[in-house]
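The following pair of complexes shares a single chain, subunit A, combined with subunit B in the former and subunit C in the latter.
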Partner chain A sequence: MAPHICQLCNTSRAQILRPKNHARICAPCFIDIFEREIAETITSTNLFQPGERIAIGASGGKDSTVLASVLKTLNDRHAWGLDLVLLSIDEGITGYRDHSLDAVKRNSVEYDLPLKIVSYEELYGWSMDQVVAQIGKKGNCTYCGVFRRQALDRGAAMLGVGHVVTGHNADDVAETVLMNLLRGDLPRLGRATSILTSTPSATMSKTDSEAKGGEVTITNVKRSKPLMYAYEKEIVMYAHYKKLDYFSTECIYSPEAFRGSARTLIKNLERIRPESILDVVRSGIDMAKLVPNAEGQPKGAVEAVVRNEVEDEAEGGCGGSNAKEVVSEMAQMEQKLRQDERAEEAGTETEIKLPSKVLDGQRPDRDVNPDLLPVAALTTHIQGQTHGRQAQTDGQQLPSDIRTVTIRTKQEKKSSRKATRDAPPPKQKLGQCERCGYLSSQAVCKACMLLEGLNKARPRTGIEVG
Partner chain B sequence: MPGKRTSINPPEANRLCKRCEIQESLVVIRAEPLCRDCFTRYVHTKVAKRMETFRVRYSGIGQQRKLLLPISFGVSSVTLLHVLNHHLGLQQEKTGRTGFDLHVVHVDTSDVEDNTAGAALMHVVQKRYPRHTYSSILLSDVYDSEEALSVLNMLEPETNKAIEKHTALHDRLSALLASLPSATSRADMVQILRTRLAVRFAKLHGCEAILWGDSTTRLAERTLAETAKGRGFALPWNTADGESPHGLAFYYPMRDLLKKELIAHADLAQPPLAPLLWEENRKVAVSTKNVTIDELMARYFETVEKDYPSIVANVVKTTGKLKAPVTSADDTACGLCHMPLIEPRFQVEQRCDGQSKDSMQVEAPRALELSLCYGCARTMPEDTGLLP
Partner chain C sequence: MTEAKAASIPLAVEFTGGLELLFSNQRKHKIAIPSKKPDGEPSNVGDLISWLCDNLIKDPRKEMFVLDDSVRPGILVLINDADWELEGEDKYELQPNDEIVFVSTLHGG
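Let's turn to the complex of A and B:
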């Protein structure tokens, strides 16, 4: 069979079969079109402002390495004038993160970008090694997850940077869309496909932020995913052909059964029809417009979607779970749904006026399903579908001056079950943690709560790690 | 195993039915052991609940409401017929008349699709439930109108031969399907055309709504499959009960029943439904090349349904919460699937911009008439410019 000629330049021999659309092209053309497509994404969504300071969330893995390389290239090529800096999080896990951090350091030198490494130790006073030494190996993933969610924002604030970019790719977003469909999590589904998310204060008017002295606080950091439409396979290809230096930190083994299931589906879909990954993303974007917001109206096009404390995006890198935990997440959800269904059918669902205080130290998740709540109150679990993910903080007493979380006031007035089903999701006031100022729907954010628990039990003598 | 109809659960044989506590249980439904009668009642009640709008009291005397029931001879649509037949019988008994008339239609695709029921089972079904009207039509009939003609002319002008009517129609359908790049596109196209044909048939025969036999499992499959095909925007219209953009109401009375429950019921019904059913021949080892997206999702949910049935139901419930945007009759509709396009996406003209290998000579004015949604643009014959 005669060698193929590159379909783009019609000159060189085509070495690559492009995963996205099976086009046959040569390596230089591939690099070019890959970069052009990302540039197109950035300009068409007005992702960056000229001269903006951008922190690139760098884990040393392929996505963030490629992201850094491409942004640097495009910044120079198109003279966007962006002030790029690499931001890396050190959880303090010896023998794991050290290697990828070395890769980031090398990247910093290679692309001539300043690097800031922020460690859990410095942010919270606890490294993961210390946490594990304190509480053992069970439930440590929760701590890591909660800390990491805030770490990027806090790190950015320390640098005075208001915009963080992460390397989430099309496969990640597609997985998240399918996962949220499987979990029945509409609000997250609505947020999963936004290329730009921000905390409420970031959408404040200019005058407000200027009044604050133009200061970047952790409450107004924007996050975006410029690689959102790039295929994972193409990212790997790009890194290969550009000979980029990265460390594989991928946690192939996902702690969540839903995400793992969704990941398998995506891989199979890709085999059947490679374009389907982007089709899922496209569907997700369209569906997001159909998700009813708090008033029960469809959202319509939302540009900068507001995040809440619970991080919606895939945070990889946690390899601590075992097989039993994986299977049990789906089984747990199954159990819960069944219980609720049975109670509904048996008519034991009643309207219970919930005190505005939160029971059991559980934060009422915005994602709580309205139908399930009254029954949930019977079983003293307020959690909606995120049951398996949040740790039980035993024995936590909430301060009595808790910020009002107005759940269910609308529903208390409705008497019929049908009306309950159609009631809009509970409203939650997004305020600030009184300890650290981080965005939270409760008086004390999750991280501070966990830290309080850790600090109480901390022995007088320091723990030597290492 | 796919297709196997074992429903009797030996370990449960000695337990009492949880609901009546009299008879022995024969199946376990969502962790409850049930006897034959209670189980049958369970299935019938779920359907009856969804048919509330068609009670006798809501139908005017002398104005009989008509509903279309497309049947595929799969377990879901046959069960629906069985249950509705019983339901109507009860209505007749109690009030002397019925809330609606059923028109059962079978869209025969066996001349263009493998592995699908032919019209032979129609006689068997008709014999068992004689009170209703029955029709069988060919999928190629979708070309039997001026409207449809123009669509096809756009795509395959060369294959448009003037021969004897049915052969001609059949040929056009085959040609269309042959021009599609993948098994997924073909399956998708057949599905879309079948729906369109059913809608037209319903309107022709004065039916006010179509009752589809889709089970919870099938609806969950459809949700994910359409998402994967890029039609997320149309999910509310594809899965919800009520007015559809086709100008008719669509109802899914089986939406609260899982496929495996229906399979179990088919065995326990009296007399059993097996003679009415077409056994789907699910090839176990199919190469990945020929698996379609729909099949992928079907297999996936078959597995999930085994151990986590409530999760399947939850997917459908969640999709039901998506709110369809408000549309008006003036909105452009996708030329293929007829879903409203909020922002008209793809003009077919784009695809025939000269790069296509087939170099279709399409006059510009015609080209601009057809807009396609994202998902249908995927299914239509691709722009072959970039491929060897």
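Let's turn to the complex of A and C:
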């Protein structure tokens, strides 16, 4: 077959076929355009502030290695003045994490970036190997995800960093979108498809890490995914052509994970129609816009949510959980939708009741303009996440004394971000976890709850008789 | 001096991204496969893949490399440092001393 010529430089032999647009380009042109597209993603979303201190979540794998390499390159090239550090989490998985950490150490030397390693063992007293020995291989990914979420935040706090970046790529986001679709968990979509999320986090003063009465400063730890629109295939090609050193083995516990099924679907889809991956990501972003948030309006891109970020990582990770919770929420939502449709057809306006008090530490409703258009549907009360409405207690007819709220069907990311900033801060019961002092809207944070379960079941050394 | 075409084609294959585990933990291999198929047609990359499964793979987990007669989705193939999709995928006819690289993308990042 006659060799193709690069479509960009028209000189060299084409070496890569880009999945997103079938372009045929040579390796140097590919490296150039890949880096430029990431830079474009970063600048167009105002992801970073000049001089910002950024922790790169580094696992030693292909995505985080490429992320570190690209960020360093772009930072130097465009003089963004970012202060980059590598942050690595040691889950204590033998045969997997111990080898990949060696790769991170090599990256640290090669890119001349400081490295901080935080381990589950030191944070929680449990390594993942021990957790799996205790609870088996189903649901262990949930533990790993919840723990990692906290570990990253704590590591960031230890480094004095307010922004963590991770190497999530387009395939990861597409898988997450599919996973949430398959599990009927639409509200999570908003967070999964946002390039930047922000959650309040507690930093403890160093002297009081054990005492409960320690000083806690609440800061916002930002999380972002600069590689969100980059195909996994291109990340691998980038690493290949730039000869980057990374570690590549599957987590030994991952074959049982639900994400594997979503991944198989995505990979098979990519074979037939590679553009589908980015299309799924975009669909996810559009769907997320339709899911109502606390103000009764469709979610924009940036949302501050406290409790569910923890579960988020668990879901965003490998394992699956909360299925029952989600099914009942969907059932409620479906019922609502049916009722609303009937009301629409009958020509009666659909109105939604707004609760007058705060439930379970959730946000109270904001001011609602009664002059706005009636709602078409999309109302539900989801546990742990507030949508500003109360679920119908018995699923019957909607009461007639309720006010209307608006749904903005089109919403710009920027304007929603602005709205959340300008609006009065939500009254959220932000407290501290009783056990560890970590920020939580519950009395005990999720990580401590999981740990409690683990510790209770931990086999004792002696046997009690009588 | 032989006039007949060589009966086998020398190739350099490389496995990365975790695939080396299936091939005795060795990334690079120098091999030679028959230059023609049993039906007389020149050997192509598809034949190479079958040959690898029959002769080089040392791990019983073949499904990590192949699926239904072709490489598993998620494994990239580079022929002489170029995407095999540009060369005709598994229909590409092998030339002596070609370099074929198999890169797996199926692992954590």
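In this section, the second predicted complex is superposed on the first by the 257 of 466 C-alpha atoms of A that agree within 3 Å, B and C clash if a C-alpha of one lies under 4 Å from a C-alpha of the other, contacts with A are read in each partner's own complex, and residues count from 1 in each chain.
We adopt the following convention: contacts are C-beta pairs under 8 Å (C-beta built on N, C-alpha and C of every residue); 3 or more make two chains touch, one makes a residue touch a chain.
Please read these numbers as outputs of a predicted model, since none were measured by experiment.
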Partner chain(s) touched by A:Ser283 [first = subunit B, second = subunit C, both, neither]: first
Which superposed partner A:Gly184 touches (first subunit B, second subunit C, both, neither): first
Partner chain(s) touched by A:Pro292 [first = subunit B, second = subunit C, both, neither]: first
First, second, both or neither for A:Gln15, with subunit B first and subunit C second: second
Subunit B versus subunit C as contact partner of A:His4, first or second or both or neither: both
Subunit B versus subunit C as contact partner of A:Ser59, first or second or both or neither: second
Touched partner set for A:Arg24, first subunit B, second subunit C, both or neither: both
Touching partner for A:Cys436 - first (subunit B), second (subunit C), both, neither: neither
Which superposed partner A:Arg273 touches (first subunit B, second subunit C, both, neither): first
Subunit A positions touched by subunit B in one structure and by subunit C in the second: 4, 24, 268, 271
Contact footprint of subunit A on subunit B as seen in their complex: 30-31, 182, 184, 223-224, 226-233, 235-236, 288, 291-293, 296-297, 300, 307-311, 313-315, 317-319, 321-325, 374-375, 378, 386-388
Interfacial residue positions of subunit A with respect to subunit B in the complex: 4, 7, 21-24, 177-178, 181-186, 265, 268-269, 271-273, 275-276, 279-280, 282-287, 289-292, 296-298, 330-331, 333-334, 337-338, 341
Residues of subunit C defined as touching subunit A within the complex: 16-18, 21, 73-74, 76, 78, 81-83, 85-88, 92, 101, 103-109
Interface residues, subunit A side, partner subunit C - complex: 1, 3-4, 13-17, 24, 27, 59, 61-64, 167-169, 172, 232-233, 235-237, 240, 248-251, 254, 263-264, 267-268, 270-271
